[in-house]
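In the two assemblies presented below, chain A is common to both, partnered first by chain B and then by chain C.
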Partner chain A sequence: MSTGQAIFRDVPDPPAPKRPSLGSRIVKSRTDYLYVAPAILVMLVVIAYPIYYTIELSFFNTPASLALSQKQFNGLDNYVTILTSSIFWKVTWQTIIWTVLSTAIAFLLGLGAALALNREFAGRALLRGLLLIPWVVSAVAASYVWKWLYHSDFGAIGALMVQLGVTDQPINFLDNTSTSLYSLIVVNVWKEFSFAMIMLMAGLQTVPDTLLRAAQVDGASPWQRFWHVTWPHLSSVSTVTILLLVVQNFNSFIIPFIMTGGGPVGSTQIWITHIYELAFLRQRWGVGAAYAVLLFIIMMTLGYFYVRALTRGDDQRAGA
Partner chain B sequence: MSSITEYRSGGMGWRWAGRIFLVFLLGFTIMPMAWMLITSLKTGFAAMQYPPQWWPTEPTLDNYWRLLDPSGSVGQDFLRYFWNSMWVSVVTTLLAVAVAVPAAYAFSRFRFPGRTFLFFAVLLRNMFPAVVFLVPLFILMRVLGLVNTHGSLILTYLTFGLPLAIWLLKGFYDNIPIQLEQAARIDGATRFQAFFLIVMPLSTPGIIATSIYSFIGAWNEYIYAYTFLTRHDQMTLPVGIQRFFSENATDWPGLMAATFLMSIPVVVLFLVLQRYFVRALTEGAVKH
Partner chain C sequence: MTDLDRHAGVGGSAARQVVKFTFAVSLAASLMSGTVFAQSVDLSKWSPDYVKSIAGTTTYDTAKDCGAVVPNDYTGKVTYWYTGPFEADPEISHRQDKAFWEAFKVAYPNIETDVQSITYNELLDKFRTALLGNAAPMVVRLQILGGVEFAAKGYLNPLKPEDVGYSSADFWPGALKSVTYEGVGYGIPTNNETMALIWNAKIFADAGLDPESPPATWDDLVIYSKTIHDKLGIAGYGLVAKQNAGNTPFRFMPQLWAYGGGALDEAAATPGYKEVWINNEGSKAALQAAVDMYVRDKSVPVSALTNTQADNQGPFIAGELAMVIAHPSEYARMNDLASKATGADKEKADAVVANMRYGLMPTGPDGKRAVVFGGSNIHMVKSDFVEGGNVDEQAVKALICMWTSPEWSVKLNWASSNPGHLGGFRTEWMKERLEQTRFLDITTSMLPNGIPFPVIPEAPEIMNIIVPDMLQNALTETMTVDQAVEDAAMKVQAIIDGSGGI
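And now, the complex of A and B:
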């Protein structure tokens, strides 16, 4: 975190010339820990234990009944099973398509909306509120509504496309392996583009008006003003937004689970739904746990970049 | 004379492009919700027609009466799920705020060893999907004797909501000048007095925002509720409506009415308190 901030203590003392030892610093700030203790305690119980448990389970063969006393150590077998199975690569590829497309489209729509809303006009707050509703309603509700919109016989989208002459017959969006994944991506984008919008709207407020005005006076075109003045100011908030979207999309569950259950023929199976299926529908606890550990590793890598993006923003502020 | 904010948006052409884009985006956003509402006003027969009735020929509120009628079996179940959701979400929210306020304050004000590590450990929690925690948490709940109780959901939602609650609140505390507390301390207030009399009132918008966020998160949660609760009378809305309507052939108008009623509390809460919510969310990513 930033080093430039003022340090507030009970007694405002001048900066000590010599850094006291860790032990004495811990003792000195022992009351500080009381404030964070309840939060840390809850976290430890509900987070540290599950992580430890998942890692352990991934090295064992556990019976379907989840009788932990009968589990058998099997080394890296679960990992080998995953990496050599043909479905692993299929699911991974679908996860990549899902994550990359959802993130890219949601970000671009959000950026467009933020730029278009970056002006005072009547009804701006109302419009922003309406655009944010999909982000607030539950993914369960969204999934049911879109499932109904996509319905193969009575769906509004299929009927509308026929009436507009786009297709001769209603398209079977969800029961077709070539359209199912993309149909779900549309739902996902609908649900989350306004998150990108709201982040970028806040980012746009940090662009100094004086710079934009100066650029205009110097004859810069709107595109040049965006590319050379606005965009550089958005880079840090964009990084954070994109990383959060990637994490969120990689961890998606409800939309594919409710709308297609991973089908048809596994065409909408992504990592998380696959893990769920392995563990809860097929009781292959060890393989499911090994998947989860691989996921931990991916997420920690992303988390590293997330923290770096955040602290970079902090340093910039401290240096500014 | 050009408009005052023209340097922001470009010329007329760009402004029109922006307007057209917003209209398109609004249509994309609104249409599914409009169709949900229109379908909920139809009879089951009217909904199952091709081509669809774009506006119901005989609009009816029957689906809503059925869901809200406490004497019918459908209404009984629905109202129970609604009540369960409300109870779990409100308790989660109160606890999350109670635990997050001191933690966020400490992360904002104190420099104790391990602070940075703990803070990022808290943040990283957000990066893990719910599914990964299902099995171990289920076992943990079994050990704690909380399976099939709302306590299991509240404890789980609490840990889910806490990282974000702490992060949001810390952003607010960071923006409250330390000098205010220092002045109060010099005037003889204890640290707790300074906190309750100076900092708490100033951070009310942050507490409101954190509360909305916790509430919406708990209200919408699905996976844990789906796994931890097997008893019918304990279920929350997202799980309840699903069980309820897929047992027989799907009653789409009824389902749409149920999703509409389920969305009302969060949408109303959000629209009324939008400015707090939006400000808090972006506070962490962007400093003004």
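And now, the complex of A and C:
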């Protein structure tokens, strides 16, 4: 036995197989590329061209009195205007608060709900269905319903608070610059925590039951079982979920636009609603385009990490 | 006693109203004196009684009249986009719309029509997009503020009433002003309307106010609103101040103009749209009045900062709001809401409808009465931007002649507006409308007090963004009144100068 091992040790490692060049890989897989060519062409038309046009437009001044064909080249002026504006930085800070709080709270609530629903109990299926309702309800309809729930004069929440003796007057949720953004975050979390719940419930299916039982037999507490067994199995799906939530929240439009229109005094204005206002309500297409390019760069950065998280381990699997 | 007297009140208050109404008419007449046209109806006599007296006095044969402009046997094609009746509109609007297209087919059997009805909120964006792709329709009907943007950008062909067989004197001077850019007309008014003050007479009585007398001035309105709130604990006046909402300037600008203010000089006899008035004493006084109601008296809805008029309809029909500014169609809308109510709510809603009153808009301290001149205009697009690259001018003129005729400018605006063609007021159909639609005479009589928004491409940004922002800055006490008007003035000036931040 030991002799055999010595013989194997003496044999030099075979040289690593040379990775074929990109060109030869494309030629080798030309049929596959032909299959996806129509889809790529369509994407070039409906995605690549608008991106190119937005980038081009971002270098032009587009006064309301001129047609777009008469736009005036102004170099980086639009970017300078945006980046030196105090409003931009105020909106950016609000966007960060909106995105970070919405994502964090929705994820934590979704995780809690997923863990709870992963256990067997009577009525689990019904509860799972009920918790999915916010996610399937139209965002427009939900926004109008919440607007009335929050209504500063006749809202159900305010009336309940008064009836319960919590406050003397209905709480001013939306017509107050200090509370409006956080009130909208609550609606956003309500709307999207189910998404996190579904993703994490799927992730929980990958946690081997045998490991959990073994840990239990070894005397691990529920927290230890979660932290050392369950959570490591959820890390990939958690990364993907968080990234998707971040992208979704950066791009949120319906809830702030319908419920407050960005007000009062711009306190609920976030990037995407501000871009919409600049481009479509104020017809500053050039500045709006430059703003959109900045958002695009952030989205692409997040997209890169998303794809990386999604494809983590693919190369090793391909090598094996 | 005239209808105006009945709605405005009795005794001394009626006399006061009459004096002020006379002043307003004189003012309107003086504003119109700049025009070279002799109007086809006598605008200096404009009053609810005059409107009633001329209704049904003239008959028209539309197909024949338009046949003199474009022969009825003309063969061609026209494409048209407009905001037609949708599901929420009354049945009569659908019937009249259908009847128009049937009548057009009879008058011009050889003109092929390709028509799209697009919602109010989508039309502008869709039209802008189509223009960029040279796929616009030959004819488009846009809201009153919409046309000048496209005229300035060179998308529209010059078009005036004379091109389709009418006279400029057949239309409101203010309406023609709204389609005139740098001295050239780019459209024809299809319909015009103004809003009025609506109040709940029972709430007035419960608060110890004369139920049949609306506040005569905006200062009175502030006092009425406070009285109602203090005595009954409900909102007095339905202030709306939502950001990014056209609803806001439609209700606040009349107040601003009445006090002698303005965004630019749009309320002047001959506006040049270069002078900034938003920080003058009148504008400050108007903004202060709004702040007094919201901050000091708390007599208007707390939700004003996120409200549009649609949000005020619920509280009004529930008897929780005493006064609003709205369209002539508001009465029909309230009736509709009442018909959908049930149980005790139904009783309450029916009582509110029975107690609804319409009155003239309040005046400023010096008797000036003003209201936004609303409506729509019809335009002809240049060939370069039309699908196929060709505009069939004869077919276009045939359609525009029919659409803006006295007959169809009444029928197509039956439930919601007034005829753009003044001849429409003389038709039998106008007489029928006046008999059918309650309070129509009041809103119609506000037309001479109508002021169009500035006729410049930047007007939407000034009205829909800067004016609401100014209100919000002051109402939330983020800025003082002085700071808010100066901030707004700086932004308006920047826009006029062609710059402006974000």
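Keep in mind that, in the parts below, the second predicted complex is superposed on the first by the 272 of 320 C-alpha atoms of A that agree within 3 Å, B and C clash if a C-alpha of one lies under 4 Å from a C-alpha of the other, contacts with A are read in each partner's own complex, and residues count from 1 in each chain.
Quick note on the criterion: a residue touches a chain if its C-beta (ideal position, glycine included) is under 8 Å from a C-beta of that chain, and two chains touch if they have at least 3 such contacts.
Treat the numbers as computed from the prediction; the structure is a model and nothing was measured.
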item	value
Simultaneous placement of chain C and chain B on chain A, clash or fit	clash
First (chain B), second (chain C), both or neither touched by A:D153	both
Which of chain B and chain C A:P63 touches, first, second, both or neither	second
Partner chain in contact with A:T179 - chain B first, chain C second, else both or neither	neither
Contacts of A:N74 with chain B and chain C, given as first, second, both or neither	neither
Chain B versus chain C as contact partner of A:F296, first or second or both or neither	first
First, second, both or neither for A:R213, with chain B first and chain C second	first
First, second, both or neither for A:T260, with chain B first and chain C second	second
Contacts of A:F88 with chain B and chain C, given as first, second, both or neither	second
Which of chain B and chain C A:F280 touches, first, second, both or neither	both
Which partner, chain B or chain C, touches more chain A residues	B
Chain A positions touched by chain B in one structure and by chain C in the second	66, 68, 151, 153-154, 170, 280
Of chain B, residues touching chain A in the complex	5-11, 14-15, 18-19, 21-22, 25-26, 28-30, 32-33, 35-36, 39, 47-52, 99-100, 102-103, 105-107, 109-113, 115-116, 118-137, 139-140, 155-156, 158-159, 162, 166, 178, 181-182, 191, 216, 219-220, 222-223, 227, 238, 241-242, 252, 255-256, 259, 262-263, 266-267, 270-271, 274, 278, 281-282, 285-288
Contact footprint of chain C on chain A as seen in their complex	63-68, 70, 81-82, 85, 87-88, 147, 151-154, 170, 172, 174-177, 259-266, 274, 277-278, 280-284, 287, 291
Contact footprint of chain B on chain A as seen in their complex	1, 6-8, 10, 12, 22, 25-26, 29, 32-36, 38-40, 42-43, 45-47, 49-51, 53-54, 57, 66, 68, 109, 112-113, 115-120, 125, 127-134, 136-142, 144-146, 148-149, 151, 153-154, 156, 159, 162-163, 170, 190, 193-194, 198-199, 201-203, 205-206, 209, 212-213, 215-216, 222-223, 225-226, 237, 240-241, 247, 250-251, 253-254, 258, 272, 275-276, 279-280, 285, 288-289, 292, 295-296, 299-300, 302-303, 306-307, 310, 313, 317
Footprint of chain A on chain C - complex, ascending	125, 131-132, 149, 152-155, 235, 242-245, 301-306, 314-315, 320, 456-458, 460-461, 464-465, 468-469, 472-473, 475-476, 478, 498, 500-502
